[in-house]
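First chain written, first letter: the chains are A, B, C and D, and each begins at residue 1.
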Amino acid sequence: MTVLEQPGSSRNKSSLAGPPPAWRPRVDPAPLLPDEEPYRILGTDAAARLDSGLLTRLYAQLVRGRRYNAQATALTRQGRLAVYPSSTGQEACEVAAALALEERDWLFPSYRDTLAAVARGLDPVQALTLLRGDWHCGYDPHEHRIAPLCTPLATQLPHAVGLAHAARLKGDEVVALAMVGDGGTSEGDFHEALNFAELWQAPVVFLVQNNGFAISVPLAKQTAAPSLAHKAVGYGMPGRLVDGNDAPAMHEVLGEAVQRARRGGGPTLVEAVTYRIEAHTNADDATRYRTDAEVETWRAHDPIALLEHELAGRGLLTDEFVATTRESAEQLAADLRERMNADPVLNPMDLFTHVFAEQTGQLRAQAAQLRAELEAEAAGHTEDTAGTAPAEEARP
Amino acid sequence: MTVLEQPGSSRNKSSLAGPPPAWRPRVDPAPLLPDEEPYRILGTDAAARLDSGLLTRLYAQLVRGRRYNAQATALTRQGRLAVYPSSTGQEACEVAAALALEERDWLFPSYRDTLAAVARGLDPVQALTLLRGDWHCGYDPHEHRIAPLCTPLATQLPHAVGLAHAARLKGDEVVALAMVGDGGTSEGDFHEALNFAELWQAPVVFLVQNNGFAISVPLAKQTAAPSLAHKAVGYGMPGRLVDGNDAPAMHEVLGEAVQRARRGGGPTLVEAVTYRIEAHTNADDATRYRTDAEVETWRAHDPIALLEHELAGRGLLTDEFVATTRESAEQLAADLRERMNADPVLNPMDLFTHVFAEQTGQLRAQAAQLRAELEAEAAGHTEDTAGTAPAEEARP
Amino acid sequence: MTTTAPATARKPATMAQALTRALRDAMAEDPAVHVMGEDVGALGGVFRITDGLAKEFGEDRCTDTALAEAGILGTAVGMAMYGLRPVVEMQFDAFAYPAFEQLVSHVARMRNRTRGAVPMPLTIRIPYGGGIGGVEHHSDSSEAYYLATPGLHVVTPATVEDAYGLLRAAIASDDPVVFLEPKRLYWSKAEWSPDTPTAVAPLGRAEIRRRGSSATLITYGPSLPACMEAAEAGRAEGWDLEVVDLRSLVPFDDETVCASVRRTGRAVVVHEAGGFGGPGGEIAARITERCFHHLEAPVLRVAGFDIPYPPPMLERHHLPGVDRILDTVARLQWESDWTEGRGA
Amino acid sequence: MTTTAPATARKPATMAQALTRALRDAMAEDPAVHVMGEDVGALGGVFRITDGLAKEFGEDRCTDTALAEAGILGTAVGMAMYGLRPVVEMQFDAFAYPAFEQLVSHVARMRNRTRGAVPMPLTIRIPYGGGIGGVEHHSDSSEAYYLATPGLHVVTPATVEDAYGLLRAAIASDDPVVFLEPKRLYWSKAEWSPDTPTAVAPLGRAEIRRRGSSATLITYGPSLPACMEAAEAGRAEGWDLEVVDLRSLVPFDDETVCASVRRTGRAVVVHEAGGFGGPGGEIAARITERCFHHLEAPVLRVAGFDIPYPPPMLERHHLPGVDRILDTVARLQWESDWTEGRGA
């Protein structure tokens, strides 16, 4: 007799063969695991097969990127940007992200990734609008297929998944590339986005720029994982680990991931190992949490220097080439400086224009109140303080 | 000349040796990965070394558990429980979770884990209070060191981590065991809890009961991972995959994980492969999303039947033993039935008692309002409808 | 609670059925409409509102997602960016909280952030409120969170007809709509014309459900039945109560509400959500701002207590019932014996 | 905005310094107090409020966490269950949203759920509000969400002295306190006695910051300076304005507020949070319920517009300033030419 021998039950045909076969989805984890060391091309034998055209193109972009970062930081000192999170040292990641995509694809940048947007073709002034403080997004995302710069960490990752999924449902061969930091991988949204992506086989590439820090918090306090790329296996997704300062390696790995996604092969998680050379933003004081010596070890692994070494070996780093490159970068900087020095033309009434498709009565009333105030203010200014307030800011 | 040759910078000592060594925390992923197949003891050679005493103890608990589940479900039909999520078929997980812990340890159950709480020694009536509907938690969590049954999925996991961490900081050798379902692993809180646990080396064991479904959603729509246990590697944590219907295997694996945690070895993620034999709750209609045939394949792998097979082989499954076991289970059921048939004594004024340590004036006023209403109601009842409303429900 | 539309082929229908029909019609009409959430596929949702949709439109149009509310809403944002019209189901009120950041920081702001370039034609269906004997976390009235979030529309039906009309309007809206479904009314029935369902109601219009002259009861969703009952019962006390069903909390229909209060001179706001910081404060304040000299008494509120939602066996003490409504109406200073300080 | 405590060894201090000192004193007094959050360690927090604490008390007492707000608050819940008193820092208002579920479904309910067996002596520090030129998501006024959540105390200092006293009281409280720190006042200065800081203030008491007789301005946190300034400026218009600093939104000090309004007969509630569904509606409604016959005019509100928080270059148009406050006071029906319908 057994306990299970009960009326209506005949369960004593117990199988000792283990759980029924359909107990879980089966994927072989081995191919999903990243290499132990970051993938590199520069400084290895593989560098030989690189196309010189690609190298010079990457180089020009990196140099422009570095100059762009310097200029943007300078603009914070002149009060022309509210804040700037520099990507100095991370230019290879930023540029490779932009170059990996075709026109029809979408980029989902974070606050640190204005350079990727600029490398994709966005006007730098538009890219910097959020950080300048005149509006939350300075461009029409549909025009360049660049989502708004995202500040709440990792929240843009599910957006990228949803967009890529929608495109796939519509039959469009569009890939989304989403950028996030090492710190951002700790957020729940990272987890949920990767899970949805693999389940939906969404054509999306997740690029984690592991720059060593989330503001002051070093990677060792962010994760105890073998690498961030190892997180991929928990979603059944391949993870790839790349030297983020090796521009051709980044270009190749992201390119492969994008192609794989486009062909219906599903998402990829790419961890780029890099370093944030500057402080978190101009407002941050990095001396509180790291040593100059540490920064120096990374300056020695600078993405531009790495590329210069390869170009020099090929005899491509001519003075002329460097000068042209530098000039183009200077032009970008000069143009940016000049245009950012002009006061933006702002209309406070815009505050009410796009809250809803159709303004509600409530907002119409509030808009009317502000307009009346502005008119009173303008009248007052004419009388006693004319000219002190930027006129365009008060234009209803 | 290079672009980096600029005043104040001397970066041309580029290293082609790869990123500086301190670029990431290094852990060898190999030992973290779970086995390919769920760990089993019953039906394998290892079964021979099992202690008969353990087997009979486990058996008695499983049988009680099965009976408890049946009784609780019956109580829903009699309107004595608002709802019951049965753990029929999952008793080996529930019981092993309880037995793995010492008295000083903490259990963090979900709504489905009343059986684990009961197996740990909690009064079943107290365990069922939430599901009966007379209060949100029927016991003092500190008394048995059982956290309140948790309904918002995965939200109890960070609690377990925090508690275990606090205990460790205080120097107490306390382990927390937290239970969650396969569906719950998709929530951001799962991700964040595991990450914190490993970073803090918190003495916590995460037990995922993969019972194949989250209400109607099968595992294949929940994850594309090789297994849920594979998620552990993304946190630098060992993952273990176990046959959740093999009680001795569950007992061993959880016991090892608890010991490891207690010794300061850090957290473990355990995936128990099992099956939800009943519908999600009594209110659910499982025929909408799965076939009887599928359920039958799992009935053939029943945890009690598996254990009976082993006991029978050892000549321990005597009629007398089975009868005693059954009797003890029947007693539990009878006691539960009887006590749950009594109307709970409720005091509506309790609604205001524990919102804050000290009642605010606002709540005092609201309590006074309710008291007045109840008095008026009671007076009314005496006049025209005396006896129809349970008197104890209206006692201020 | 019957409505006034022409009675062609009317038969009894539940609010649940009307909601299902609204989803089906919207999906049939516009291939951009996608339903997604936990258990919305084969199961048809735990309340069966999406019943049959996966079968009729395929799993790509009605999708069982993984169990992660932020992920559901976050991916829906991306889908909306690509031109779809996602209709997201949150399984219960309290289980929408994990998606709060996505809702507040993205759904509500995307249009404004992008100066209109990226609208969010999203509908977020949330079964809400108590009265169904649900255990902890299954009975929250979370509307206060949503109406304090600029950029969201917040809508809630109280009748079968409105369930259809408002849900169609929500899905048709180019802005995000938090569509709050009163759980306790899912099985409420009314004569309704499922063959020619009422044309889509515009969002933002309140409806007078009962005309009266003594005072105005202002309510929405789950509390409408109690208000209607109270209005009937009030006749015995000599009160002729008007009942306004807001239907939409955002946009708010000041016009209808204030016109009514100016007529009656007295008002009580009734809702199940906690009183402190709940919708009633806003409603009472804006009425007072607009109708001060028409008020014979302060606008009073009947609301849930300021406590975590009670367990099932005690919930009836929390919910605004007929007696509590009438007790409050009685405090509207009909006589001269009013003493201040008795306010809730 | 100086206070009335005895002036022993007073020197200028900022609100930020007073907060730091409160944390340090609390940690020194009670080993159960643990500070945790993003960047609170070596960096001392992005606003430097936790400056020096990790060094003084060790990283186990002042802990840099991983970047996950739900995880931070969720683990703090578990720590509180084990008898600690976690003080959690959320880096900015909008970055507390990921922790919303933990806050609403657990922090606010644990004591009630367990009939007092598991209290939640948690303090959740949230820098909030605008006026500092922050880009998107760095300037939200999120108090409406918290005060609509039963089980939470919601406190916000407006002065240096209160920053210390209220934070000490919050940490000492056996209940969870959402401690809202007005970012724009972090660097505000006052004469203060850091050597013998004022004894802990009890939570739930408002403070009259300026006596007056014509009307009462009711405010809290970031808007107190504008109200004080407006009260001064109001003298030119012949108004003698009283200013009440609520300090605590939950518990709410009806007594002080109502006594003031009964005296002055007029009231304006001023806050930076959006008006619709914001704290002002609740405050206006409860004043009206309690003081109806003392009111010469409806309680009016000056609040942020019902829009997503503006970009830095436009924020001054959104924030309640002196002019807007005085314009609103002027609408308190001082003359007979009042026309209804002009309400905000």
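Methods note: a residue touches a chain if its C-beta (ideal position, glycine included) is under 8 Å from a C-beta of that chain, and two chains touch if they have at least 3 such contacts.
Please read all numbers here as calculations on a predicted model, not as lab measurements.
*Asks:* Looking at every pair of chains, which two share the most C-beta contact pairs?
*Replies:* So the pair of chains linked by the most contacts is A-B.
*Asks:* Compare the CA centroid of chain C with every other chain's and tell me the farthest one.
*Replies:* Comparing chain centres, A lies farthest from chain C.
*Asks:* So, what's the distance in Å between the C-alpha centres of chain C and chain B?
*Replies:* Distance between chain centres: 35 Å.
*Asks:* I'd like the Å distance between the centres of chain A and chain C, where a centre is the mean of that chain's Cα atoms.
*Replies:* Comparing mean C-alpha positions, chain C is 39 Å from chain A.
*Asks:* How many angstrom between the C-alpha centroids of chain D and chain C?
*Replies:* Computed value for the inter-centroid distance: 31 Å.
*Asks:* What are the residues of chain A that contact at least two other chains?
*Replies:* Chain A, residues with two or more chain partners: 135-136, 152, 186-189, 191-192, 195, 199, 221-223, 350, 355, 362.
*Asks:* Where in chain C do residues touch two or more of the other chains?
*Replies:* Each of 65-66, 68, 70-71, 94, 97-98, 101, 105, 109, 112-113, 136-137, 150-151, 250, 252, 276, 305-308, 344 in chain C touches at least two other chains.
*Asks:* Report the residues of chain A in contact with chain B in the complex, numbered from low to high.
*Replies:* 1-4, 11-20, 22-29, 32-33, 37-38, 40, 42-43, 63, 66, 186-192, 195, 198-199, 210, 212, 219-228, 230-237, 243-245, 273-275, 294, 297-302, 304-306, 308-309, 312, 317, 319, 322-323, 325-326, 329
*Asks:* For chain D, which residues are in contact with chain A within the complex?
*Replies:* Where chain D meets chain A, its residues are 38-39, 41-44, 46, 64-71, 94-95, 97-98, 133-138, 276, 305-308, 310-314, 317-318, 323-324, 327, 344.
*Asks:* Considering the complex alone, what residue numbers of chain D touch chain C?
*Replies:* Residue list for chain D touching chain C: 70, 94, 97-98, 100-101, 104-105, 108-109, 112-113, 136-137, 144-145, 147-151, 250, 252, 273-274, 276-286, 288-295, 297-301, 305-308, 338, 340-341, 343-344.
*Asks:* Please give the residue numbers of chain A that touch chain C in the complex, ascending.
*Replies:* Residues in contact with chain C: 135-137, 140-142, 147-148, 152, 155, 157-167, 169-170, 176, 188-189, 191-193, 195-196, 199, 350, 353-357, 360-362.
*Asks:* Chain D touches which residues of chain A in the complex?
*Replies:* 82-83, 130-136, 151-153, 183-184, 186-189, 214-217, 221-223, 285, 288-289, 344, 346, 348, 350-352, 355, 362-363, 365-366, 369-370, 373-374, 377, 393
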